[in-house]
């Protein structure tokens, strides 16, 4: 392959990254390249709806649909992240070995930026292993992080990439942390697509993002209702309590 | 050997699987094949009734009693499962290495399906690594699982088997989770025997199943008695409390 | 060496085993043979009274003082047992490698049998890897254990010895578990000496055993005093409370 | 290099050791020699103020500025200590391998001696792997430790050094354990500089030590104030409570 990009979507908070990469795999009709098994994944088989069982794994797909820079895509998705820190480092090395074998030029990890509040329009944050990439963030409205740390696979993979001379970028989609957040997934995927110069059908992810919006509205209504009632009952103890179920 | 079946009975909830395989080993007069020791078993020796001590181990027996499909049996029983997840994966690999060496064609793991309640007739649940096996479940009244996961050796062994091109089936006997449950053991063994086409004397396991039934009846009587008394005393505080010890 | 015995005294409850072996090393003027370091010992250096610091270790000494059966002795003492189960197995293997190199014929581990009560004369319990040794226990008033397990190095070493074709015996000295118990150490050492056919000066250990007795008497007086006072004060609340400090 | 000294400043309580070594690296304009990465460091990348991200690491610098004994200096600083005991031993071995490669003659680790109280003038405590070094402590007002243990990298490195035939000294600066303590850092660095016979500009560390003093004074005033008020309110319950917010 001609120095492809590797896009990683690990399961994590709100499934922000995994949902974005799974959508990309589906719409690009990406092909199966390799399964990665690890003794550090949770020790279990997952049972599918047809009754069959499989070990937990990470899987890499590839797509040769041409993008603006003429590179191919490697796409990583998985059932799980490793269960202990040592193994996170080792899985990152394993993935880097595969990335190097295919001459990967740039690795993107898609993560969640948890804020604890629901927002109308999720922001995208970013960090990278080189200053050129950081400089390009402003063109795409990516907020540059200037401190703190990225924990887990999303951080280790770009850190390990740097040691191998491969560029690494971590994009983080703002999310509450309370729900599976397709809205944040859609935002992060749009930002990624504009960076890698590729267009895909967003209909299915759009639909899921609308579902997330409806879910959040329902939660907000319930919470504001409950808070209002609590405030009323505690603060004023009105004689008419009939509206409390 | 001519592509034998491997039947695994690890110690676990209710000893459902282990008791079934131990009965099978005894009735088939199966012969000792190999001991498996692991640094991940609990760090101790078990003392036998004659005073001698042994490290914890898993043991594989074999039986060449012909069954309906003309295959032999490998039978695995053990003192313990590994104490940490990594080691469960590694023991599964070790067991698969032995299975491959003897051309094993199908691996069965016998597990417990914990429900928290006592039942008259335990159901048998199942999952497998291929759809043909799943389809055959209905002939034997095995309920096909269509979601969730199997944790521990019973899951990892069939998942690892699939990667080696060996069929894997996990049968789960319904059990409360509160007692050593020979009744569930008997049910799961009867289902297994009908699958592998072999007949053995069930007398000893029958006797233990009856003991389990008696134990469960005793527990149920004590529980319903205590509940009734508590309800009476709390709800009505009768003047005559003499029957409460 | 001519098939020596290996005597192991690991630090553990009441320091029963370690104190016995340390006394043996001292009285036999045993010579330093090898130090064993392990990444599984607690990660620290111990500071000695002269200010110098050393990594934690296990040490093997040897003595060629002839005993009744004409064999030499290897004596193992240590600062620590490993901090995790896997490493206990691996240290046992390491020690067995050394034992095999010196043609060791029989390994003894000296352990504590915790009862939670103070006794006048500590009993000695035992288990072994062969029935001949078990049979010989009655001659020396060793109570044969007929169930349960021996956890940690004292169990693993004799279990691993059995797999290498070396006899293993674990002797356990009865102790309360509350104090460093030189009395139990003395009992277990006397039993060991009668088995291996060797005589040494017991004066120093005798003195420490007397100190243990004094300590236990003091504890028992304080406890019976406190219990009596508590019972009095709670049960009768006497008007004269002057004797309570 | 001509048998250099290795000075280690790991991050730990009060950053006493790390701050001292970081100051030394800066003032000596020490040059980058090697980075050490470990799968046992916390699994994350640290984000710098320019937005770029790096894996956690330990780094060794060297300086050939001549000192009184004509030796060079190796200087180790790091983002983290390993997260588990086994890995602490292994990192110590890794560092010793580098030390041996450069003919290191003496290793110093700079640690914290936590007392839980604020002091005007921090004492320096010490332990070493040889009695000659211990004897030299009195000339420099270093209190010789005569018991206890040094846990973590600061202990393991000198313990491992001893096994390789390299002298090891651990100096510990007295600190409360409550604040980042540049005052203790300054004291320990002054003691180290007098031992290795080298002079550097202390201005920057002096300034930070003054900041620490100011911080401690503020804390002490707040604490004595709060305590006084609490005592007043609890003990005397004055009618005028207006000054309690």
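When the chains are written out, they are named A, B, C and D in that same order, and each has its own residue count from 1.
By definition in this document, contacts are C-beta pairs under 8 Å (C-beta built on N, C-alpha and C of every residue); 3 or more make two chains touch, one makes a residue touch a chain.
What you see is a predicted model, and the numbers here were worked out from it, not measured in a lab.
K.L.:
Within the chain touch network, how many edges lie on the shortest path between subunit A and subunit C?
P.N.:
Tracing touching chains, the least step count from subunit A to subunit C comes to 2.
K.L.:
Between subunit D and subunit C, is it the same set of residue numbers doing the touching on each side, over half shared, or a different set?
P.N.:
different
K.L.:
Which whole number of Å gives the spacing of the CA centres of subunit A and subunit B?
P.N.:
Using C-alpha averages as centres, the distance is 40 Å.
K.L.:
What positions in subunit D touch 2 or more of the other chains?
P.N.:
Answer for subunit D, listing residues that touch two or more other chains: there are none.
K.L.:
Based on which chains touch which, is the overall arrangement a line, ring, star, complete graph, or other?
P.N.:
The chain contacts form a single closed ring, each chain touching exactly two others.
K.L.:
Which two-chain combinations touch?
P.N.:
The complete list of chain pairs in contact reads A-B, A-D, B-C, C-D.
K.L.:
Would you mind writing out the residues of subunit C in touch with subunit B in their complex?
P.N.:
Of all residues in subunit C, those touching subunit B are 85-86, 88-90, 126-131, 134, 137, 144-152, 155-156, 158-160, 162-163, 168, 170.
K.L.:
Across the complex, what residues on subunit D touch subunit A?
P.N.:
37, 39-40, 42-55, 83, 87
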